[in-house]
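Next, two complexes with chain A in common: one pairs it with chain B, the other with chain C.
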Partner chain A sequence: MLHLMQSLDRRWIYLILSIVLIVALIVGKPVKPVVLPSVQSLFDAVEKAPAGPTDGKIILVSTTFANNTIGENGNQARAVFRHLMLRHKRFAVLAVSEPVGAEIGRIIPTSLAKRYGYVYGRDWIDFGYQVGTLAFFKSFPLDIPGNVKVDAVNHKPLDQYEIMRGIKTIQDNVALHIELTASASLFDWMMIVQPMTRPRLKIGYGCTGVMAAEAYPYLDSGQLIGMLPGLKGAADYERLVDELEMRLKPGITADQLSFASIPRISLYHSARYLMFAQNAAHIFVILLIILGNLGMFLTKRQAKPVSKEAAND
Partner chain B sequence: MIHQFRHYLHDHLATINSTPHFLLAIAASIVVFAIVMTLLHRTSSQFKKWLTIVCTFAAGLFFFLEYVLPVHKLKSGGEGNVITPFVEPVSNYIQYVLIWTIFLGLISLAIVHGRRLFQRQPGWHNSLAFFLAMLAMLVTGFATRVGVTGLTGLKISYDSLFSGFLLNLDAAMFALLAFYIASAAYRAFRVRTVEAALLMISALIIMLGFVSFGVSLTSWIKPHSGWAYFRIENISLWLLNWVNMPGQRAVAIGVQVGAVAMALRLWLSLERGAFFSKES
Partner chain C sequence: MTNDVNEAPMAKPADGESKWYGIILLAALALLIVLGIVMNHGTKTFDPDSPGGHYLQWRTLLGVIVTLGIFSILYRENPIYRFMEHIFIGLATGYSAMYLWFNFVEPKWFDPMMPSSLVHKTTFHEAGQGMWWYCFALLLGLLFFSVYVPRLAWMNRLAIGIILGYVSGAALQMFIGLIAPQITSSFKPPITAYNPGKPLPAGMPFDANNLHIAGSWYFHPFSVVFIVVLLCTMAYFFFSVEHRRNAWMRKPANTGRYLIMITLGAIFGTTVMGRLSLLIARLEFLLASVTGWWHAIFH
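Let's turn to the complex of A and B:
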């Protein structure tokens, strides 16, 4: 038994984890997480960003991730876009050096636009895929329309769109940049673009869970205004957006929000819903760790008297 | 359909003057490139080695000087020095090289899988799947981009392939990590030493701080009381901000110092890779 506790076959672990996840996804409910300070900071920065229809500024959102991290980055993107649309902040989407991210960055706002009455070209625009060379990062901040030239949806020059009137540089016309990524693309924005602006461009960061630990120094230094760490960050942000939506639309109930109104089979439409499954998986991992250590301690305890006897012999 | 394709090319190559002169320039470029490559191919290994060293040093010097030379207001807008206007064309050159590598990759894949398919080697059905998948994404993706009217089936196919197939397969592959992590955590987090105990306790606190169940364990402590520091989510944040952050900073500084040393070795061609060792 003690041996089994210490060396459980990995196939049993895989099977039990599968069952835990499937059950959690079927019977789970949206969690109400305690919001991290870094998530609250980003939420507040979006609230304060002067990117309304008459402010002459936009918010840039980079969807520099592919399908493999859509569970984390995709849910972050959905929560951020919902917030921008709720507060009627004008925004542009782009994906630097990530062609699949450009596709995802178009799909998510398009799917939300109708619900929030957002019009393409007036309230938001898609810059699409951009090649992430040093030259791009050096020249894009100085001349946005000159570098992007045409939008990614209709392939028309940017000056034909209402949202782009008067938009020229990051210094003058970008209120906030939100980098949702699974790669090191944040460093291009922090090392090349941010020093080109005075005051420094505000950057929000959405990353995968494993990338979060290394970003804390940049939060502390103020280079990042806020951060969404993995699915937890997405769920926290979603909670804040859900509460805001219920405040702004007094008639709306929790059931009418995105996470509750969708069929259960469409799982990735709510980070709070998925967080329930992640919680279950974390608890399972914690139990496994305890089980392994308990087995080890009990084995040692049993072995000690035997070794003493052996020493006497 | 051909008309739409021509229209698409016209739209996307609008910045290029598609006159006979332009076509002649392309042809001339290809001929010059072929001649230069042929001549280079005939040179000695020693010459190629020195040419690589000189080009590497010149490229490094270009970006180094662009970074360190004093800046002033540029006529084209913004700030920069005498080298800054050339950064864009030089950086674009990197893209041309990358585009060639994509072609090389495609050719290499086609050769490997084509050989396996036609010779009916073991696993030939995987090669067939590779060709079918590539062809399907190429045709439907390109048709969607061009905007071929009357072929809505292709658009639907592309959406099905991308959103319904690739997206979920890619996400599923990555999700397998959860199973490996669970198994690895079970085997690795054993309290055999003091360091291992510290690591395990930290990991457990951070995991508990991120899940609702963990937070509920200490939710009886009032959030604004003097004891609030002992709530699991606050201990978790303390670990991240006061233990993890200095560690990350130290690692980052160490890595960057190492990167500078490595960059210097590459720039001055002190780093000998497989190429030079094989040639010499």
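Let's turn to the complex of A and C:
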């Protein structure tokens, strides 16, 4: 038994973990997570961002991720877009060096636009795929329409859209940039674009769980205004947005907000719902760690007297 | 004459594995694609939200098969996994190349360069303007391929030189742009003559990082922790003084090592969390697909 506790075939662990997760997904309910300070900071920054219809500024949202991290970045994107639409903030979407991200960045706002009465070209615009060269990051902040030239939906010049009237530079016309990414694209914005602006461009960061720990120093230094770490960050942000929506639209219930299905990119359930399964998986992993360590300590305890006897012999 | 150049070994099937596996799997995929075409016969739009969008069901079926094929590696190495892996890499490369052409190179370079008589598309506003000087960008790009012609290989250096010179100049500026705020933010005074804290949220009894001493003076315990952690961690990486012989260097360095371990533990924890999130997303997709089919068939 002790041997089994320490050397259980990993395939059994995969099987049991899968069963735990499937059961949690079937019987699970949306959790009400404690909101992280970094998530609250980003939420507050969006609330304060002067990107309303008459403010002359927009919010840039970069969806630089692909399907492989849709569980984390996709849920972050949905929560962020819902917030922008609820508060009627005008925004532009782009994906730098990530073709699939450009598609996702178009599908999510399009699927939400009807619900929140958002009109393409007036309230939001899609800059589409951009090649993330050094030249792009150097010139894009100084001349947005000159670099993007045409939008990604209708391939029309940007000046033909109402939202782009008066929008020229990041310095003057971008209130906030939100980078939702699974790559190191954040550093391009922090290293090249941010130093070009005075005061520094406010950057919010939505990353995968793997990348979160390394980004905390940038929060402390103020280079990041807020951060959504992985699925947990998405669930926290979703909670804040759900509460805001229920406050603004008294008729809506919590159940109606829990399943904002977007089947085209496999975002069937809300992040708070998926967090239930995440919690179940964490408990399972902790149990395995405890069992493994228990097995090791008990084996050591059994082995000690034997070794003493062997030494006496 | 023997060729001594070390080449990467070709991936070979496992012992006893038939080479027909690949062909059979390719045939199965082709059959699935034909099935998809038949299912979508008469579908005028690829929008799955439209009524009668068989395309969605076919695509979901394909997604389920590929997901299970990739997951099969968890049991053991097998030809189905390898097949799916190659399909994925090939598809991703092909998709990226096509996307880059149709969404970037064509509208921003090819169409503006061509005269209007050669460009039929009119959706791009700069199409057919005959900006012939754009062709110099292609010539510069082609210099990279001169490395394959030994006589012209020197031309490769021109392109690399331009890129390296440009990037190295910008790299210094970029580095300072990233690090300078980090350095300034690491100056955290433990005691200040003013209260830098924000108003306390409701329900919080006191601000643990802004303790009032006397008068207008405040003490910041977290700043002390920050300074200790910073100095100890830096001491661990400071190799100009031998750690073994100098206790004043060895002790902070040892402490720094433990602090680094705590950080790495936190990174590992978030890594596990991230990987589980990805697994949950895939399982959710499988579960939602099966549930959808169940409802479609039995309800």
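FYI, the second predicted complex is superposed on the first by the 302 of 313 C-alpha atoms of A that agree within 3 Å, B and C clash if a C-alpha of one lies under 4 Å from a C-alpha of the other, contacts with A are read in each partner's own complex, and residues count from 1 in each chain.
What we mean here is this: a contact is a pair of C-beta atoms (placed from the backbone, for glycine too) under 8 Å apart; a residue touches a chain by one contact, two chains touch by 3 or more.
Quick caveat: nothing in here was measured; it's all calculated off a predicted structure.
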- Looking at the overlay on chain A, is there a clash between chain B and chain C, or do the two fit? clash
- Message: Between chain B and chain C, whom does A:I252 touch in the aligned arrangement: first, second, both, or neither?
- Response: neither
- Message: Per the contact definition in the header, classify A:N68: touching chain B only (first), chain C only (second), both, or neither.
- Response: both
- Message: A:H282 in the overlay: touching chain B, chain C, both, or neither? Say first, second, both or neither.
- Response: both
- Message: I'd like to know which partner A:A303 touches here: chain B for first, chain C for second, both or neither.
- Response: neither
- Message: Going by the contact rule set out at the top, does A:M190 touch chain B (first), chain C (second), both, or neither?
- Response: second
- If you stack the two complexes on chain A, which partner ends up touching A:V27: first (chain B), second (chain C), both, or neither? neither
- Task: Pick one for A:L8: touches chain B only (first), chain C only (second), both, or neither.
- Result: first
- Figure out whether A:D220 sits in contact with chain B (first) or chain C (second), or with both, or with neither. both
- Item | Partner chain(s) touched by A:L36 [first = chain B, second = chain C, both, neither] | first
- After fitting the two complexes on their shared chain A, where does chain C collide with chain B, if the options are 41-49, 95-103, 185-193 or 239-247? 41-49
- Query: Which chain A residues contact chain B in one complex and chain C in the other?
  - Reply: 14, 17-18, 21, 68-71, 131, 134, 138, 149, 155, 213-214, 217, 220, 232, 278, 281-282, 285
- Item | Interface residues, chain B side, partner chain A - complex | 11-12, 15, 63, 77-78, 84, 87-92, 94-95, 162-163, 166-171, 173-175, 178-179, 181-183, 185-187, 189-192, 200, 204, 207-208, 210-215, 233, 237, 240-241, 244-245, 248-249, 251-252
- Message: Which residues of chain A touch chain B once you look at their complex with the stated criterion?
- Response: 8, 10, 13-14, 17-18, 21, 31-34, 36-37, 66-71, 103, 107, 131, 133-136, 138-139, 142-143, 149, 155, 196, 213-214, 216-217, 220, 232, 275, 278-279, 281-286, 288-289, 291-293, 296-297
- Would you tell me which residues of chain C are touching chain A in their complex? 48-49, 56, 63, 74-75, 95-96, 99-100, 103-104, 107-108, 123-126, 166-167, 170, 173-178, 181-182, 184-185, 263, 266-267, 270-285, 287-288
- Given the complex, residues on chain A that touch chain C span 11, 14, 17-18, 21-22, 25-26, 68-72, 74, 99-100, 102, 128-131, 134, 138, 149-150, 152, 154-157, 187, 190-192, 194-195, 200, 208-214, 217-218, 220-223, 229-232, 263-264, 266, 268-269, 274, 277-278, 281-282, 285
